[in-house]
Amino acid sequence: MHIGFIGLGNMGSPMAHNLLKAGHQLSVFDLSQPAVEALVEAGANAPGSVVDIARSPAELIITMLPASAHVKTVYLGEQGLLAHVQPGVRLIDSSTIDPLTAREVEALARAQGNPMLDAPVSGGTTGAAAGTLTFMVGGEQSDFDNALPVLQCMGKNIVHCGPAGNGQVAKVANNLLLAISMIATAEAMNLGVALGMDPKLLAGVINTSSGRCWSSDTYNPYPGVMDNVPSARGYSGGFGSDLMLKDLGLASEAARQTGQPVLLGALAQQLYQTFSNQGHGNLDFSAIIKLYTGVSE
Amino acid sequence: MHIGFIGLGNMGSPMAHNLLKAGHQLSVFDLSQPAVEALVEAGANAPGSVVDIARSPAELIITMLPASAHVKTVYLGEQGLLAHVQPGVRLIDSSTIDPLTAREVEALARAQGNPMLDAPVSGGTTGAAAGTLTFMVGGEQSDFDNALPVLQCMGKNIVHCGPAGNGQVAKVANNLLLAISMIATAEAMNLGVALGMDPKLLAGVINTSSGRCWSSDTYNPYPGVMDNVPSARGYSGGFGSDLMLKDLGLASEAARQTGQPVLLGALAQQLYQTFSNQGHGNLDFSAIIKLYTGVSE
Amino acid sequence: MHIGFIGLGNMGSPMAHNLLKAGHQLSVFDLSQPAVEALVEAGANAPGSVVDIARSPAELIITMLPASAHVKTVYLGEQGLLAHVQPGVRLIDSSTIDPLTAREVEALARAQGNPMLDAPVSGGTTGAAAGTLTFMVGGEQSDFDNALPVLQCMGKNIVHCGPAGNGQVAKVANNLLLAISMIATAEAMNLGVALGMDPKLLAGVINTSSGRCWSSDTYNPYPGVMDNVPSARGYSGGFGSDLMLKDLGLASEAARQTGQPVLLGALAQQLYQTFSNQGHGNLDFSAIIKLYTGVSE
Amino acid sequence: MHIGFIGLGNMGSPMAHNLLKAGHQLSVFDLSQPAVEALVEAGANAPGSVVDIARSPAELIITMLPASAHVKTVYLGEQGLLAHVQPGVRLIDSSTIDPLTAREVEALARAQGNPMLDAPVSGGTTGAAAGTLTFMVGGEQSDFDNALPVLQCMGKNIVHCGPAGNGQVAKVANNLLLAISMIATAEAMNLGVALGMDPKLLAGVINTSSGRCWSSDTYNPYPGVMDNVPSARGYSGGFGSDLMLKDLGLASEAARQTGQPVLLGALAQQLYQTFSNQGHGNLDFSAIIKLYTGVSE
């Protein structure tokens, strides 16, 4: 299939590479020339602008952008996709943005005859490279079915979350819970160790008890408890604290708009902001445990 | 084996019954006469005081008491166990108390020749009745090995957590994480639903993603997501909010003593206190989701 | 002076009346016809639209609107002020909105020759009626000097806070501190009373000690401590909890945009959201003390 | 008058010196020999033990000790005051401890014929040296009247807060409010400055508006806003963060015992704990603003 791909950052680039590997024809665009060139070397063509992508013969256009503002520009701007794309061309936005903007863009696209899905991912750059991302997808069932084979070139766990915007809803709700669980795991591990318990043993007990969570049993933030996780390598790689901070900003804004209190979520957001201001925004989000370990680290 | 058992409340009574069922000889004591009589009818004898239990031929004495103050009285009082028990008699305290008190009592017991374990449980009254409790045990390895067959009459998952007091440490750390996870699950579920997502579908996505935790996949607080959990029956039964409040009090006090910050934990404690003051302390601890659902419930 | 006035809500109406009383000629507009008619009866004329106000001979136009979205529409819309106003006409926006939007609108107005001030108020409907509002004003010094006599018809304390947007900054910072102080006063008063102290005596000690704050010495939330404050009349009147919730939303959004943590502020926002969801959003913001007093109230 | 004085730390020493200066005869005790010697040089005598103080001809004994545990030892221990003091000798404890312990000790003292007051102070080492402390006093009115002339040798603002323990209640409630106000002032100042406002101007606006509080108008934590406060001298001197942390521990423990939620207070406690763990416990408590200013400071 001929696919357009806009946004070749840390996530978008490996995703686009995986589409090429799967045999799809690719037209790509990004403001960063080196990123574009790397894809061209791998076999993509690079028409030069968003408008060119919109007017290319691509049947499907995928976007992977940093934030709502970029999504609005790329889709709704005068030089954007909706103003120039042919009716019938399908659209997938894999950016993580707020659900309300996602729904607004989708409604405009659908109204002019372009079926659209929101499909934010989790799994980080590692998952993007390995093609094992989780896609949380919002939109019509038939559009989801149609997109599934393409998404499976880039991910392993493709979940339909309901109508338009619900991919973003699932992502924001999951990451809200994730951030809180991670900080909670950090508090519990540090408290247990301070009270004299071996961290591995403590994690073992928690992981077979009611405190069990992904942050404790799969991604434990306490150094030495697990191998092959960021806490085993100085918190490099993984999912950056500043990205978690961004997602918590989306969650608390969505909460404000719907009048839902998120007491722990709001505090988690502030703790990641504090951690970021201390200069640690580029560390994996499990590094938040450093807030709890005092001056020595 | 001849076993003494002190403390026949909601947890202690079914635990004692399970020891009888397993064929042990039991001497019991509690301030509540009906609780004692029920055990006597089932085959226990009731010597009438803590001192009498201490002086009975029991080789092992188990205590299951509400809080540190009771443990101090029963073990360290003039009419308490340590003042009257024979050397060599083994002691197990299954109360949930602060680790420092547990270690203080254990050190005094050991010094006078009475090996002692701290062995708090999780699993609630259901687990106590079914004999499927988890025991988190602190103390010497040989004492643990020795106690294992008896504990297995009352529980299924018996974990040795290290030296004296570490059973309490594991319990307090696990429940700190549990309380926060539960509130976080409530926030994430409510936010997702407010944003238009089906609660079952949302729980399904979370449970296969990084937000996965025991509170979401085994004990979901959102009504209608799971059967056979308190949220499916108006939050009756289960583990009472006031008991969680007590455990969070132990956690924050232990955190204060060791100088470990527990930012989310302290907020969780205050939220359970607020919930309790609103008259809901007897509901299962997953009912904390009601704090987030406004006036309608 | 001939003044245009747009926005005749609970605050705008009494402010406009005070301008009339001071002898100014007034052209007013609001979507609510009864509000307009009340001003017309008092001597204003009502040209019928924002565009008509823009084209009226008014030398100064004042706006008092609910939120940023309304300000953007009234100033920047096709039927808005900037598109139709004569160069040289001065503009004052007394709405409480986010500082960044205030600066954006001001820059556009100034660029086309319309000096603009942001001048949010505090003092509530009582202050608006009595003409004793505090105005926190951002903009050029000469524009401030020019506007001062008009603002003094509506307020008593007129403070120049620096360049454009700084009126909003001062408002948002002050109200952030106010909300937290109010909740803190509620916590301190309730804790002291629970520990056996007379509330009036406690307030007296605090008010001569380092805990002293406006919320304790001028607007005490504990019933019976002061007369003539909302806590003395069931929390009616005053500054509504939902308005404080709105201001905390502005504060936390501004904090997010500038990367400033507001840990207590974020928690205060969530507590007002919780309180609002419990059905109390129309009560004075000092009623937040009810969150702390349990079921009986 | 002949007065006994036990506890010659940073606060107790200057207080004792002020009693000497006022012409009282003093018998002093402390575990630190240099502290005792400094008082002896100034004219006190040093009988050598708590028991000796108890048996001295002092009509009044004042204690100034670090925490509840020391108060219990000095008053209730076998070598303590109550076991050896003559009936009729009056007692004043100026330590800051939890109200329940204060009441327990007072009841025992009164029962054996020794009228007792709790009289914790605020004002720091500066106030202690200058004799300008605030005393918050709990106990009988007649005992308060009797003690007033002596307390006036050491302080300026002597407040009777009601029956025994209420001095401690007033102190704990005031400092809870103070800690929260200080952090809130730090948040508001930093947010305002980040949004482009001059800190002095912002403080000026707040101090004449509803955000006004002692932390903003008398002890502003933002450097450069005020002279002669800790923020003007690198946060040296003043009231140490670790002392505030101790008082917040008393507040949250008293809150737990009475079932009063202190949501902001609990978070404030955790923030001071975090700050202390980062190595800043010895800085003035207004230095908490450093938590908000990132790595550069």
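For clarity, chains are labelled A, B, C and D in written order, and residue numbers in each chain start from 1.
The working rule: a contact is a pair of C-beta atoms (placed from the backbone, for glycine too) under 8 Å apart; a residue touches a chain by one contact, two chains touch by 3 or more.
As the structure is a computational prediction, the values presented were derived from the model and not from experiment.
Asks: Counting residue numbers used by both copies over all numbers at the interface, does the chain A-chain C contact come out same (over half shared) or different (under half)?
Replies: same
Asks: Please work out which of B-D and A-D is bridged by more C-beta pairs in contact, and write that pair.
Replies: Comparing B-D with A-D, the pair joined by more C-beta contacts is B-D.
Asks: Centre to centre, by mean C-alpha position, how many angstrom separate chain B and chain D?
Replies: 38
Asks: Mind checking the centre-to-centre distance between chain A and chain D? Centres are C-alpha means, answer in whole Å.
Replies: The mean C-alpha positions of chain A and chain D differ by 51 Å.
Asks: Two or more other chains touching the same residue: where does that happen in chain A?
Replies: Expected reply: 255, 259-263, 267, 271, 274, 277, 291-292.
Asks: Which residues of chain D touch chain A once you look at their complex with the stated criterion?
Replies: Listed in rising order, the residues of chain D that touch chain A are 267, 274, 277-279, 291-295.
Asks: What part of chain D is in contact with chain C in the complex they form?
Replies: So the residues of chain D touching chain C come out as 99, 122, 134, 136, 157, 159, 161-163, 165-166, 169-170, 172-178, 180-181, 183-185, 187-192, 194-198, 201-202, 204-206, 208-216, 218-219, 251, 254-255, 258-265, 267-268, 271, 291-292.
Asks: Tell me, which parts of chain D touch chain B in their complex?
Replies: Going through chain D, the ones touching chain B are 249, 252-253, 255-256, 259-263, 266-267, 269-271, 273-274, 276-277.
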